[in-house]
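What follows is a group of structures, each given as structure tokens.
Each of the two complexes below includes chain A, the first together with chain B, the second together with chain C.
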Partner chain A sequence: MKALTANKYLVIFLTQFKNLLEYRVNIALKLIRPIIMTAAVASLWMVLFQVSGKDTIAGFDRSGFIFYLLVVRYIAIFSPGGRLIADMNEEICNGNLTMRLVRPMHYLAWLFFRALPIPLFCGIMGVAMITAGAMMFDAVMPSGVRMVIFIFSVIATVITQYAFYIGIGILSFWVYEVMPFDRFFRTVNNLLSGQLLPLTIFDDGVRNVLIFLPFASLAYNPAAIYTGKIETTLAIYVVLGQFFWAIVLWLMVIFAYNKGLKKFEAQGG
Partner chain B sequence: MPVKAKRSFKQIFYRKSMDVNVLSNINFSIDEGEFIGYIGPNGAGKSTTIKLLTGILYPTDGSISVMGFDPHKDRYQYTYNIGVVFGQRSLLEYDIPVRDSFLLYKAIYELNEKVFAKRLAEFVDILQLEDLLHIPVRKLSLGQRMRCEIAASLLHRPKVIFLDEPTIGLDALSKAEIRGFLKRINEQEKVTIILTTHDMDDIEELCHRIIFINLGNIIYDGPLSELKSQYVHTKQVEIAYDKPVEIPEQYQDMLLSIDHGSKYVFNITYADAVNVVPDLLRLGSARDISIHEPRLEDIVKKIYSSQTPAS
Partner chain C sequence: MLMNTFRKHIKLIPDYVSLAVKRESEYKAGFYTFIFNQAIGAGVWLLFWKILIGKVGAVGHFDFPHMVMLTGFATINMGMWFMFSFIWRLPREVITGQLNCYLIKPVHPFIHMIMRRLNLRAIPRVGIGLTIVILSLIHFEEISYSPGAIIIAALISLFSFLTTFLPFAMVCMSVFWIGRAEFLRDLFIEFFLFQNYPLSEFPGSFIVFFSAIIPLIFASTVPVLVLTKFTQTQALGLLAAQLVIITVQIFLFRLLWNKGLKRYESYGG
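Up next, the complex of A and B:
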């Protein structure tokens, strides 16, 4: 019985995975976007390198910096994106959630497994791009234990990202328009997750707090583990911290969802 | 600041809301295998009742039990036993072919291969789905989609089916096909069906019992025939004469209309019909006569108008 129950989510995942071909242009654009973003942010940092006259900033030299930006951008690609929030917002506000609730499945699990294939596919392609980037920028690839820690870190990142995105979508039970929350989240995310600037730019005290916050789990932590900016022993604690936040956030999401369901109005006939 | 301006300013930040009782005193029980027509005007609370019965909404008061389940509390297990079709919403996955949607439901309802294949073959045959299985749902016409929706919601052999306006927007042929199918599964599989619709032809053709609600209250619960006898006390008699005739004063009140100069339409009570009709036929040379009961549609309209809040 349990195996069959798990099977239904696997089929949801595979059905959506089969659908990938329908979205091949989206996927191509999603894969290219991090390169453009990296180029844009990197060019600003290169100016800073030039103006400051320093060879290293926040512990990175020029090529190390570009490689770091490439890694965070490709890790962020695992994110389900604003589309998930927009779909949830529409589904909850116009009452279409109704059609999910009349079936024997958990809505949150359905959302997760339905949204996962494209980011997962892009993310795996992204790891290939990171590897290519490592060769191009002559970066040292993590090996052995560090690679295992990195993989766990990325898994925690994916789980945390979905908790954030689905959590924002769930606000639709209380407010009609949740996209401003999405934009607010992205802004904070850009700043605190290390996507625009590595957290090494902050002094030790602030950084040691930030790396244990859930935002750092979204990009900086796996990128820093990959690029060796967090030493192995600390990396283990960092990944444990990531899983802690992933669990806490999902518990909050489940709690909010159960509360929200009681407020659900199922608009329309 | 004047009070009114202050209130308006406050409303920018704070909108007052209030709770409205959509349903009250709704009590009914349904036996296995019944085909129920759940009807009422727009806003009467039909869809709300269906949403409560399917576990989508949470009742603020009262209790609901279907097959021993509390629909909201036991939603997960309960949904294995019910089928739901909302005419204005789709159960199927938009981007993928119909067959893939069915396979998805096979997994969701945990059907084994043999049961699924047999059931699908039945539906393909009865609902003529063969040519639709490979087409993505977004490319289907409304009638085609509705046939697929009904199949998808019944693949798992539910014991109770809730249908909320399943024939809305369909042409006459598609309606007839869907009605025929519903009648068949109700009779052959003894499935309990609860149908809400504004299409009274659906009700007349399919339902044995009607629950009529308005303003959140049940105003009638019983067989269709009794609804008619309760609300209808007249028959309509149409007599076409060769030429215009003079209607005696005692029958003037019964006259509803005169069409094409010589076709007279009367509204005559059951009690008077036997005596009045022969008299009317003697008024002139009658070419044609037809006697019929008001359509359910007209009866329902009459009940709606007598039940509006203003009346």
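Up next, the complex of A and C:
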């Protein structure tokens, strides 16, 4: 029975995976986009290095900084994006969720496995590209142990990202328009996750708090583990912290979903 | 003939605005969340510059007061752009053949497209940006400016809406030739991020790109420089350059629109 349950989600996952072939140009651009954007942002940072006369900023030297920005950009590819929220919003508010509920599948699991393949493929390709790039340019590569920790960190990142996005989508049970919440999340996430600035730029006290918040799990933690800014022992605790937040957030999502379902009516939430 | 058409479209504006007001009054929660999010967005950028400049010092000519002003101008530009942002749907409307609905109406299809979903929520964003600029002019004593410079900066900021909107509209129009233009459109949207950076401090090639190809430099960097660095003659020269760029853009825009429409077929472009 359990095997059958697992099978149907695998089928959804694989079906979506086949769609990759339909969006070849989009996927190619998704993979190239971080390089373009990093090149542009990095040029500003190079100016900052030049005018400040400093060799390191926030613990990163010039090449380390560019590498950090690139890793952060590629980790962001794993995100399902606002499309997932928009689809949930439409289904819940239009009452189309009913069609999903009558199927022998859990709606949240269906959402997860349907949205996962393309970001997952692009993310893995992205990380492979930066690793290959790092090897080509003799950049500092993570050791075997660190690589394993990094992979676990990315898994926690993906689970946390989906919890955030699906959580925002679930707000549709109570609020007709949820996209402003998506934008709010992105804005806060930009600063607190280390996408705009590595968290090492903050003072020790603030940084130690931020590292263990769920936002850091979305960019800084995996990037810092990859680039060696978090030592191996601490990295293990950081990843455990990431999984802790992933579980807490998913429990909150499931709780909110069950509450929302009670409120849901066939003609809309 | 041309004047009549112009007058007819001007007369339609109150109706479009009235429709937009009615729509917004239906979604109050979304409206207020959107405004709150815009304020938070500007706040995050101010915090970003405060932290960064506190750690590494000024970015060339741009110290913290300049960055505050830069954030204000960027917020104004994004506010104006958001008001007419429905153009981002053009690729989808063309692919699905829904452009027909616009073509059969006795109004210019492009104008109808952007006005029918006028985004009034963006007006407070313009207000937030304006407040930031005014407060920075009053609060920071190190910024000296002349009344003439204020007028020129205001004009450049106002016209910068066109210098950013027109290239975006042209990118959306590429759907008539390449079909799925969403990836180009999304890449272009990512470039808007650079309005928040002092583009004059970037390397020369980037300055040329952001002045002539995607003229984001006029959105925030140039108005700040007009107020704090340039002489009135230099400022007028920049205003003239911006007007030349807008003229070229309008010419290209009309050309692409007319050519694109000829390629459009009722079942999609």
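Definition applied: the second predicted complex is superposed on the first by the 262 of 269 C-alpha atoms of A that agree within 3 Å, B and C clash if a C-alpha of one lies under 4 Å from a C-alpha of the other, contacts with A are read in each partner's own complex, and residues count from 1 in each chain.
Keep this in mind: contacts are C-beta pairs under 8 Å (C-beta built on N, C-alpha and C of every residue); 3 or more make two chains touch, one makes a residue touch a chain.
Given the structure is predicted, the values throughout are model-derived calculations rather than measurements.
By the touch criterion defined above, A:L234 reaches neither chain B nor chain C.
Contact with chain C, but none with chain B, is seen for A:L191 once the two complexes are overlaid on the shared chain. In the superposed model, A:V248 makes contact with neither chain B nor chain C. Using the contact criterion defined above for the overlaid structures, shared-chain residue A:I201 touches chain C, although it does not reach chain B. Comparing chain B with chain C, more residues of chain A are touched by C. Of the two partner chains, chain C is the only one touched by A:R33; chain B is not. Within the superposed three-chain model, A:M99 lies in touch with chain B and out of touch with chain C [touch as defined at top]. When both complexes are aligned on chain A by C-alpha atoms, no chain A residue touches chain B in the first and chain C in the second. Contacts from chain C toward chain A in the complex involve residues 27, 29-30, 33-34, 36-37, 40-41, 44, 47-48, 51-52, 55-60, 180, 182-183, 187, 190, 193-194, 197, 201-203, 206. Interface residues of chain A, counted against chain C in their complex, comprise 25-26, 29-30, 33, 36-37, 40-41, 43-44, 46-48, 51-52, 54, 57-58, 175-177, 179-181, 183-184, 187-188, 190-191, 196-197, 201-202.
Contact residues on chain A toward chain B in their complex (touch as defined above): 4-5, 7-8, 10-12, 15, 18-19, 22, 95-96, 98-99, 101-106, 261-262, 264-266, 268-269. Of all the residues in chain B, the ones that touch chain A in their complex are 47, 51, 54-58, 75-77, 79-80, 82, 84, 86-91, 93, 95-96, 100, 103-110, 164-165.
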